[in-house]
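Some structures to go through are shown next.
Each of the next two complexes has chain A plus one other chain: chain B in the first, chain C in the second.
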Partner chain A sequence: MNKKMLAEEIIRISGTDPKKCMKCGKCSGSCPAYDDMEYHPHQFVSMIINGNVDPLMVSESVYSCLTCFACAERCPRGVEPAKLIEAVRLFKLREKGKNRMSAEDVSAFCDADMPQQAIVSAFRKYAK
Partner chain B sequence: MQRIGVFVCWCGSNIAGTVDVKQVAKALENEPGVVYSTDYQYMCSQAGQDMIVNAVKEHRLTGIVVCSCSPRMHEQTFRKTAAKAGLNPYMVEIANIREQCSWVHKDMIVGTEKAIILGKAAVAKVNLNAPLTPGESPVTKRALVIGGGIAGIQTALDIADAGFEVDIVEKKPTIGGKMAQLDKTFPTLDCAACILTPKMVDVAQHEKIRVFSFSEVSEVSGFVGNFEVTIKKKARYVKEDICTGCGACVDKCPVKKVPNEFNLGMDNRKAIYIPFAQAVPKVATIDPNACNMLKAGKCGVCSKVCTAGAIDYTQKDELVTEKYGAIVVATGFEPISMEKFDEYAYSQSKDVITSLEFERLTNAAGPTQGKLLRPSDLKHPEKIVFVQCVGSRCASCAEKGKEYCSKICCMYTAKHAMLTRDKYPDTDVTVFYIDVRTPGKNFDEFYRRATEDYGVKYIKGMVGKIVPEGDKLHVQGSDLIANEQVHIDADLVVLAAAIEPDKSARPLATMLTASMDTNDFFTEAHPKLRPVESPTAGVFLSGACQGPKDIPETVSQAGAAAAKVIGLLAKDKLLGNPCVASSDENMCNGCSSCANVCPYGAITYEDKEFRMPDRTIQVRRIAKVNPAVCQGCGCCTVTCPSGAMDLRGFTNSQIMAEVDAICK
Partner chain C sequence: MKVTYFPGCTLKNKAKDLDRYARECAEILGITLEEAENWQCCGGVFTTAGDEIATKLSSVRVLKAAKEKGEALVTVCSACHNVVKQTNYAMQNDRSFADKVNRYMADEEPYNGETQIYHYLELLRDVVGFDKLREKVVNPLKGKKIGAYYGCLLLRPGKVMGLDDPENPTVMEELIRALGAEPVVFANRNECCGGYVFAENPELAKKKSTAVLSNAKANGADMVITACPLCKYNLQKSASDVPVVYFTELLAEALGVKESCNE
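So, the complex of A and B:
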């Protein structure tokens, strides 16, 4: 898959339109995991718009994202960078075709103290 | 049978580039009624118009079809040309082969084919055209200005100076609007009050201007030149003509803790109050929700101390009906609510304020007498963060912000930052910006001075969240140029809130049948060429009710609106649009469908006696269109179930003829 198709596929999976970005940086201003990231949320959006996706595919940054959705909630333009990062993770998953954390394992983690969103996030995150 | 001339315009290469104009002229030659057909490079030029005049004489033409640009562009031009040639101006039809044809097609064959079809439709219509004569109506030579901010004040002064009477209706107890609340004005930094209050005094003293303060428009009827407006004068419980504005009542009023709206609730006022020292009219107003006398019948202190005897607890709202020839809307703006921006902690901390609140904090007549003290503990803030674009350019969250740029925030933020550094050089001032937009005379220089001469730090990036921690505000934002996240422990945060039209604008637009956009800004008749007129005849726009504007722009638009009003009021009679609806009384069954859809209220009903074939008299209810009010929109003609309604110049048969010509 060439760069352009790769970027288009990621945009398709994310369901958002990164072209709406006005480069305000509110995503990176909101991000609680900013300092752990090689590429910050606003760079993520810009790299995907420019089709520069290869560095993202090999970067640890995509797993530094906590999926807290603060950037998505506060983005004034509805670009929702968290969804793009999630799309990169999903793409890599689908490429590998198998999950490290399988669906059957999920129920073992479910108890009253565990937020459902955390399980869903973990499921996505550790399913390399 | 008509004798029709067809004139196909090249519009340079605008039309001729994608339409074979010669072929169009040739094809239309054979249409029924056409006796002459030609083409020319620029039909609208003097030579082109002369060509039309000569052809009318030479070929004894009775109708003209011009295949050219949109009728919005040159219909008037060609109607005047026809009149010059001795034809009725309404015997001209325009086939729009530019905007609707050559500009949207790339292929010459397709473009030419469509241009011919559009030309045929116009010819078919002219075949059924009849000469029309516009009616006349008188003009009431008085104007109403709704809103008494700087826009309304300037418009009123300009109209009054031309010798026409003007009434200003202002919903607040005083005129002055938002400008009265400002401290300094960019880019020259003159004091807002110093330049505004003389104008307010001019209004008060002008023999041609009356101010209805603490009043609202409650009903509008009529039409251009002949509006009838009902104004509600809200009870202020003080006789306006007797009160001297001495302020003794305010001093003695025991109810002291009413949030002061003029200072945006940052201090308190009394139950009886004068909004500010230079208020016009300088008359006290009693707040019925706070006054003990009005609420419980106990107190009466103000009436005891008033030596003029102006207090009247029994005052009621009063309705006044006045006639006007023109109405100017100058309802202005409000900053949007910050309550929904949880990430900026506006509701959590008193030290997160809006720019308008900051304006009051630095104003000598404000709650801190102009000393910059933060609201929570009245300490001098050492670190101040300004956040721009809060709620502006916010496309994703219609319930929170606005999609448009509020236009004034970049400049007032630069002003606030600069003045803070000027008065308090020890303060650390940071501005977060997305873009700095400073198009305007001396505007960019002003913003650069804030950075270069006053040391304001500008950070390209947005604040993500603000968290109150102890007596500090932890500001987390991004610095996109340094590519890092910044953390600032600030003492005061100022949010440049987006602005929106005043809430009173929407109901007012309904009363005036003036159109608005999705953001509730009034729509202008043409965004470039008629920017101060509403599409509704006789209604004009002044200031921020039409879109975000700073003071210089508002004042220029206010003057432009006044010029348009003066132009209207200077006429003794108005020529109407003859393309109005009329009802065939023999077919009308009085069902009211047309009146229900008429957006202008032009249709009324009357009972009329009809002599029947058997010589009896029958009384039937029939529709009557007031041609001076009708704008010719045609809603009634398509609604009428019996086909009684028809629009002159666009009759049902003419439109069907056009459709037939296109579909042939």
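So, the complex of A and C:
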């Protein structure tokens, strides 16, 4: 898939329109994972508009997104960057053999108090 | 009044407190939570991608189960509520999504988002009413200073969840007041605890949870309440000296049934 098609496909499945962005930076200003990201929410938006998706596809940043929706809630233009990050993440995970987490990994972070919700949520975000 | 109840996986296991206090207190307030039959796990997080269908079917099934009984659907866990409510919103507003779901479930009655869904907090506020709840309190929690931690899932996306003002919520503060205690408002009450990210980046989750609890404490909270098992886990793991309890436990204490629930 060429770069332009990949960006268009990401925009399509995200259901949001990054071109409405007015570059105010409120998304990245609101992001609780900002310090742990190589590319920040506002960069996801601008890079996808410009068809520059390859660096995002190999970046760890998609896995730092907490899906807390602060960026989406606070965007004055309704761009909802979280949905774009989610779309890139899914594009990575949907590729065969690209699961980020497997059942064998659970014992590494599991303890007696951990709620079931934690495992099902992690598998939704890190595996397909 | 009888409602269909979706407890979700965690309330059947690690978060039994959240579940049993909720059921018992609802009875006192005149509402029976009748558990949906054969419910399936919501999946914990709503996948926002429009082309994800299978991950949302369990929510559609429980919404349909409530519709068939002509009842409202009630959730207690923040995560279940977020997933089921966002799915219902998509069934109401995204024709293409709803069409795919209904064709996948072609052997069943079509569903188009008809079910009314309440989070337990909404049930208390909008159906029971905090004034009526106040009358039922036998053990007012006088002198307790309590911080309400909303996190993300109850509030956002605001236009879909519609539970409260996503930036300045009041429902849990009103609950705390109705139970006779004093609410403590703190800035981080609607900031993320780190959620599932602890599974691969525990430091990030710890940083976020520590920020929440230290902010609550700095504003004078003796304890923090939540509706989310994962928030509770992350907050407690950040090893602060502020106790974190489910809001239903506080409710049971004020209604005088906490002990009997544990027998």
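What we mean here is this: the second predicted complex is superposed on the first by the 102 of 128 C-alpha atoms of A that agree within 3 Å, B and C clash if a C-alpha of one lies under 4 Å from a C-alpha of the other, contacts with A are read in each partner's own complex, and residues count from 1 in each chain.
As a convention for this text, a residue touches a chain if its C-beta (ideal position, glycine included) is under 8 Å from a C-beta of that chain, and two chains touch if they have at least 3 such contacts.
Predicted model only: the values in this text are computed from it and were never measured.
**Q** In the superposed arrangement, does A:Gly29 touch chain B (first), chain C (second), both or neither?
**A** first
**Q** Applying the touch criterion given at the start, work out whether A:His42 contacts chain B, chain C, both or neither, answering first, second, both or neither.
**A** first
**Q** Per the contact definition in the header, classify A:Asn2: touching chain B only (first), chain C only (second), both, or neither.
**A** It touches nothing on chain B or chain C.
**Q** Go through the superposed model and pick first if A:Ser107 touches only chain B, second if only chain C, both, or neither.
**A** neither
**Q** Which of the two, chain B or chain C, is in touch with more residues of chain A?
**A** C
**Q** Regarding the shared-chain residue A:Lys20, is it in contact with chain B (first), chain C (second), both, or neither?
**A** A:Lys20 contacts chain B only, not chain C.
**Q** Touching A:Ala70 in the superposition: chain B (first), chain C (second), both, neither?
**A** both
**Q** Taking the two structures together, which residues of chain A meet both chain B and chain C?
**A** Residues 70 of chain A touch both chain B and chain C.
**Q** Residue numbers of chain A touching chain B in their complex, please.
**A** It is residues 20, 22-31, 34-35, 40, 42-43, 70-71, 74-78 of chain A that touch chain B.
**Q** Mind listing the chain A positions that touch chain C in their complex?
**A** Going by the criterion above, the answer is residues 12-15, 32-33, 36, 63-64, 66-70, 72-73, 80, 82-83, 86-87, 90, 100-101, 105, 109, 113-122, 124-126.
**Q** Contact residues on chain C for chain A in the complex?
**A** Answer in residue numbers: 8-10, 13-15, 41, 43-45, 47-52, 55, 77, 79, 151-152, 155-158, 166-167, 191-192, 194-202, 204, 208, 228-230, 232-233, 236-237.
**Q** Going by the contact rule at the top, pick out the chain B residues touching chain A in the complex.
**A** Those residues of chain B that touch chain A are 343, 389, 393-397, 401, 432, 434, 460-465, 476-480, 483, 485.
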